Amino acid sequence: MVWERWLEEDQPHEECGVFGIYYPGEDVARLSFFALYALQHRGQESAGIAVSDGKTAHIHKGMGLVAQVFTEENLHHLQGHLAIAHNRYSTTGSPTLRNAQPYLIETMLGPLGVAHNGNLVNAPLLRRDLLQRGVGLTSSSDSEIITLMLAGGVGDWITRIRTFMAQAVGAYSLTILTRSAVFGVRDPWGFRPLVIGRLNSEGWCIASESCALATIGAKFVREVEPGEIIRLDANGLHAETGAPPRKRALCTFEHIYFARPDSIFDGKVVHNVRQALGRQLAREAPADADIVIAVPDSGTPHAIGYAQESGLPFTEGLIKNRYIGRTFIQPSERLRREGVRLKYNPLPANLEGKRVVLVDDSIVRGTTSGPLIRLLREAGAVEVHVRVASPPITHSCFMGVDMARDQDLIAARLSVEEIRRHIGADTLAYISLEGMMKAIGADTGYCNACFTGDYPTGLDESFTKLEFEDAIV
Amino acid sequence: MVWERWLEEDQPHEECGVFGIYYPGEDVARLSFFALYALQHRGQESAGIAVSDGKTAHIHKGMGLVAQVFTEENLHHLQGHLAIAHNRYSTTGSPTLRNAQPYLIETMLGPLGVAHNGNLVNAPLLRRDLLQRGVGLTSSSDSEIITLMLAGGVGDWITRIRTFMAQAVGAYSLTILTRSAVFGVRDPWGFRPLVIGRLNSEGWCIASESCALATIGAKFVREVEPGEIIRLDANGLHAETGAPPRKRALCTFEHIYFARPDSIFDGKVVHNVRQALGRQLAREAPADADIVIAVPDSGTPHAIGYAQESGLPFTEGLIKNRYIGRTFIQPSERLRREGVRLKYNPLPANLEGKRVVLVDDSIVRGTTSGPLIRLLREAGAVEVHVRVASPPITHSCFMGVDMARDQDLIAARLSVEEIRRHIGADTLAYISLEGMMKAIGADTGYCNACFTGDYPTGLDESFTKLEFEDAIV
Amino acid sequence: MVWERWLEEDQPHEECGVFGIYYPGEDVARLSFFALYALQHRGQESAGIAVSDGKTAHIHKGMGLVAQVFTEENLHHLQGHLAIAHNRYSTTGSPTLRNAQPYLIETMLGPLGVAHNGNLVNAPLLRRDLLQRGVGLTSSSDSEIITLMLAGGVGDWITRIRTFMAQAVGAYSLTILTRSAVFGVRDPWGFRPLVIGRLNSEGWCIASESCALATIGAKFVREVEPGEIIRLDANGLHAETGAPPRKRALCTFEHIYFARPDSIFDGKVVHNVRQALGRQLAREAPADADIVIAVPDSGTPHAIGYAQESGLPFTEGLIKNRYIGRTFIQPSERLRREGVRLKYNPLPANLEGKRVVLVDDSIVRGTTSGPLIRLLREAGAVEVHVRVASPPITHSCFMGVDMARDQDLIAARLSVEEIRRHIGADTLAYISLEGMMKAIGADTGYCNACFTGDYPTGLDESFTKLEFEDAIV
Amino acid sequence: MVWERWLEEDQPHEECGVFGIYYPGEDVARLSFFALYALQHRGQESAGIAVSDGKTAHIHKGMGLVAQVFTEENLHHLQGHLAIAHNRYSTTGSPTLRNAQPYLIETMLGPLGVAHNGNLVNAPLLRRDLLQRGVGLTSSSDSEIITLMLAGGVGDWITRIRTFMAQAVGAYSLTILTRSAVFGVRDPWGFRPLVIGRLNSEGWCIASESCALATIGAKFVREVEPGEIIRLDANGLHAETGAPPRKRALCTFEHIYFARPDSIFDGKVVHNVRQALGRQLAREAPADADIVIAVPDSGTPHAIGYAQESGLPFTEGLIKNRYIGRTFIQPSERLRREGVRLKYNPLPANLEGKRVVLVDDSIVRGTTSGPLIRLLREAGAVEVHVRVASPPITHSCFMGVDMARDQDLIAARLSVEEIRRHIGADTLAYISLEGMMKAIGADTGYCNACFTGDYPTGLDESFTKLEFEDAIV
């Protein structure tokens, strides 16, 4: 067990970042590397890049951060002018190189590589279909399923992608590498983000988030539409509809927590949405207090918004260790009891005698909030008013976010008042669902299943996270 | 060359964090690990822990972050009840395991280990003395010099430490391990921080910064006085004067940039000093602007202070990639030209049409400021007013900070107005020396040599950083 | 390029060792490890073990020697009571972990693993069939083809194996892991060896060579017959015919060079066959000489046989560096010229003034023989009579031996007399084909294609070693 | 515990190989690499090379085989025209990089590096002297002691080496690197070998064994005399006496077991001495038998000599796994019982019904002999007559051979007849001390302390192998 993950358990986890590029005459593997670097926040477990030079495909992937996986030497072997790339945070399957992406195979139509962000709700069914067709599976990753479905299809790649989209239920933002084209595909609900960038007249790219475009000097063109297929090749960019439209169900949590604040999602800069959430929260749940502080770093934009709206001064009350990373060293029993101190330290001078509004972006398990509040009180805060910029999370996510199982979600078990008592806050308020949507600036079009239990895809397909592991590990 | 350091070149670099602990019945290596974890910001090049069980000493050190260097297995070999530990950022010498600390040897009085933060100005002289005595040196690290000077001394450890202090000129905050005691030593000028913590009736520790105490659950007792020797052993804590007092010369940059904001230095919480610097800066150099933003993350407290004093709203205008780490991948020529984007992205929505105050804690080489300002303008800022929370840096540091050589310091070559033009700011202002000291709350007692050229120790001893490397690499 | 392989280039290369075991109550992974250890001579590029506990399968594989790949920790994860294992020397495909074996997948019938020694002559055809069925391939290894063919078959495992055998042309000695049984399969020609061992009433195993049985304390039962399928499971050992008999074509080179001398192949101890080859060679090609020496170590048994028959004393004339291993260090031009000295040094005292018979097991490219003879002459040998215990090699092998391409085989280009002059021997003689078969004790039943060009399977299927690499690398 | 060493425990262990070279215009690090490669049999625990370019010294060392420690990249950093190199097998101290050699320091006279083969009997005394002088020690290796003694001396290097030789008691064959010269030093007893080679008019080298000269194309010049100092520099080779002559005490075991058979020791080719030992053994202890076999590979020359003299045919009866290497995998209890099978397998066809003479070079603990004899009997041998080409080993070695402690030496506890019964041989005979010396061709001049207890240096200095480890690990 990697103990350090205990520190992270009280946050939802994004699972993956994807990237694809077509750019003749450029070192596409190097550009892919820097794009992954910008998307590192979407997954730190493994990284991989697959390239094609129009004839042969090459791949390198490994466990760890992008900067650990790639060296000049292995990058040098990735020659070509089109590429896909992937950062993985495991949702399905245990951490192992076998589950690292992209997944790359040889097919009748040449090499085929897939990088996937999301989660197929009907993966067990699709897996069973493949096994029944006599196709074996080496891993528990959805991307292998998708790759093998495409390999076993008929017609050209676009046709096969359409066939896949007709069968797949769930979240998938894909980049696909073939011998001479890169494809970008977004599921008809649009759960996870996917954007298009332009490098020059011949160079195009596709990325999970627009922050990757800025990093490699690409111009943001637009977001890929739900249900859309994008093809990048010698003919430039080609877009077409891959699946009939479904009710849009963009993931609200990309706005609340996952996406990098400088990314654009659903036409809005994420940072602005977060400040708007904080302002809305201040309107809905004002507090009689002296200062506003954030749970750093993810709650900072929301707290700034709260401060702006409330007129209370924003300041820093908690310092986060910037070098928190995975360690295999177990804390002693005593250290574990006050484990939150390994990550956060309070600033007594800012807190002493103060009535504090503590703004958090979300509460998942509720295991961190209590210790944090105790920390603030020990540092002199006389009152702690917790304000949460998302509604209570009461249901697990099946579209690719590693949130927690229902029974581990504190708001699935306790009322707001019970949570308040549990974490020891003076007052506790969550933003309302309506308020949140208002701050986002949309009435509908988002998946709020984690707050409401209303799953856009339904839940007919039973989903068991590690099912495959029963057979091969 | 590790290219990623190019990104970091425009900041001064702290060199080391030290720790020492005496705590019978506890796993002192594990506590040392978590203390190093909290001090990681002071050095990321190598880490090491040496322990003694009262008879035998054991050591483990390695290149990289604390979490990379230590495993349960190697920690398990570090049995004992007293320990010292070290995080290194190289100032003297090239990066190699040979320079990793602590340095541990066998002597007539048993094992002797030294962990050092600082820089001995007269190291070449001390080195020559050792060589003339016929003592060979295996590394270019000051800690080997100190260890060998102590080993070659006469009398008990306290006497030897006094003898060393009488000869050494420069900055040294040390933790020393002997068979049955841990010592903490701070140079008579007090350049670098060093604090004392208490764990229980028998358990004591010494650390570079108080943030390490909080992390391992120790109570902050007080700072080690300049010139003081602290001994931790079976008799508890013993303190005595090791060298006659010198004019105090605490490093101002600990307040401005180095120390973790939650640490206490010279009796003040560093975060508060930073906010006060921002407020003083606002008083000295107001700006006719709409918003205040920081160069994240180090400039954030100063910017918040500036906003509070000026009444302008604080917001975020630049997003920093939180996963910036060393990479061996070189950016292509095109990416290099806009290299600042690999680290920072602007938030156009917050900047559009705005007159922006950009608060930075310091400007060293000035290579980042220009690109950042261009970034802000491209994102829509109509004016950019740069405010710097420290005076112009005109002189190199010889007390253990890797700032840059004189010729690389932009303020050593250009006037403020020339710098303003060079970086393309609408206005540029630095805090005054007097204003800075006022914000810190002290008239004297600090080393401001990097701003004034007035070196507290004088500069009689010629110092050449890599001199030793001429002989052995 | 790994230069060290230059030293090995003048020998044929065996490609793989396989092992399978069913042994309830025993640590089958550990036994597999020691079996691989005994089979290490058959492949040093990668090693792997897959186990099943009757429900779940686990696998570990890695690049390098068995002792480098496995640790107590990774062995500990391989819990189960049935296992297969593999040592690989690459014939098809470049060295990469992706080609390491066993290959393990999930199928409708549960986990399926395959370890393969040999080479499928019609692999391109079989690969095409799979691709046309829409099954993608991730590697260039035959074992993936076999696994996917079995996965895509119908009926129970025995039926599927039969179906595979009906389609496959070439050399294959396989061990196969399913959820609750281990299978051993040998192609109908019997190219490569495969033997059965018994551990106790419940425990059985299958191995490439009998030396592995001795090492783990198993009793040699018999060789697997060409075309036979062996099943090991809870019902003990079950044997049946899997394919109609073909003309037996056992690989003569197993006797000459590949197999460990203490192994049994075709009912004969290999070491005895080698001595018999030496004796036959002495009868066919006596030499007027003083001493008999070997090209160590592989030529030693043949040389001892030659000495026994000729009555000349056997002694050592060349010392081989026992630590020859792969190195990435290139010799300088001067060292390269006398590269043979890095591997062999002469013993002048034994050679001085002597007429020497130098016995080698085979000559492939002929690049080593010349330098060796010069070495002997410089050390004082007055005459060097080369005797080779196999006939001239004139044709490449397509059944799994990495011999060299036709154009690199010296005997494909030059006559015996030309070779003699080329290598600078006083006389040169090869054993006759008939003499070789007489020494082996068989008239027919062996594949001598490398000497005759008469390929048992025909050569209708074009075979290109790295073909797949064109598509994915 | 590395279990594999259990397999090696029944052999004495050589500790080190040293090399030194002066060769302007050549890549001396590369030549050192190949020299270490040839000396690999003298130590497999660690390897290192230190070079000087006349100004700066560089070093690289690491754990493992030479081919594992060095890469083109780290070799590339070792630029210069003079070098020393070292292979280590640990005798003093536990395996750790800290004890790897060469040991390199900076001194008043420039860089100083030492590579050492041997063992200083009075190391504890010398160590104490250093500690009393106030010089600390970082390791438990003798080479650090020697380096620090030279660094602390007075006068030029030759004078310091003489001073060292006047104080040191025990075995030392050294190569020493200074800024512009390489020295070779052999103790006045001449315990361990050391030879001189010539590369061209300017290029000279010094090596533990002549096999290294042949490998790098150097011409054997002569052996370094006991007590002699050799200096290689811009003036070519200079030789002088460093210490007054002592009674020569060359290590007999170099002839019996350690040296590579193609090396020259005391003017004789080692392989010839081994054959002569076998012949003498045959004369002293004939056997009524059918065949002669060796314990491979070290006993083979002795067995060939025995066969030649006795007229019995030499053949192979035991096959040794050529890939025996260190493994961390523990055999199960059952495998451990028959552990000898992991290393050796018998050849029943050669043994069946035969009366066998089994020739071994030596018996140390006697733990292997019994299992080997049982193996031979199970394989059909009707009689096993053990003949040992060295006398019974009754005393530990203090001159650098890791033999075993007295109590572990079987011949120190049991008579020859008791040993015969213990190992289950039909007859057992050792060569006589006189016969051994006769075969070597010398009356005196050798150290036979392990057979006689007559230590050439006396044993006044108490020697405790891991003493230093009590203080630092």
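As written, the chains take the letters A, B, C and D, and residue 1 is the first residue of each chain.
FYI, a contact is a pair of C-beta atoms (placed from the backbone, for glycine too) under 8 Å apart; a residue touches a chain by one contact, two chains touch by 3 or more.
This one's a predicted model, so the numbers in the text were calculated from it and none came from an experiment.
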item: Farthest-lying chain, centroid of Cα atoms versus that of subunit A; value: D
item: Where subunit A and subunit D are represented by their mean Cα positions, the distance between them in whole Å; value: 60
item: Distance from subunit B to subunit A - Cα centre to Cα centre, in angstrom; value: 35
item: Computed distance of Cα centres, subunit C from subunit A, in Å; value: 49
item: Chain contact graph, described as a line, ring, star, complete graph or other shape; value: ring
item: Interface residues, subunit A side, partner subunit C - complex; value: 55-59, 77, 103-108, 110-112, 131-138, 147-148, 151-154, 468-473
item: Residue numbers on subunit A that touch subunit B, as the complex places them; value: 4, 26-27, 30-31, 33-34, 37-38, 40-41, 44, 65-67, 70-72, 75, 211, 214-217, 260-262, 269, 271-272, 275, 297, 300-301, 304, 308, 313-316, 319, 321-323, 325-332, 334-335, 338, 341-342, 345-350
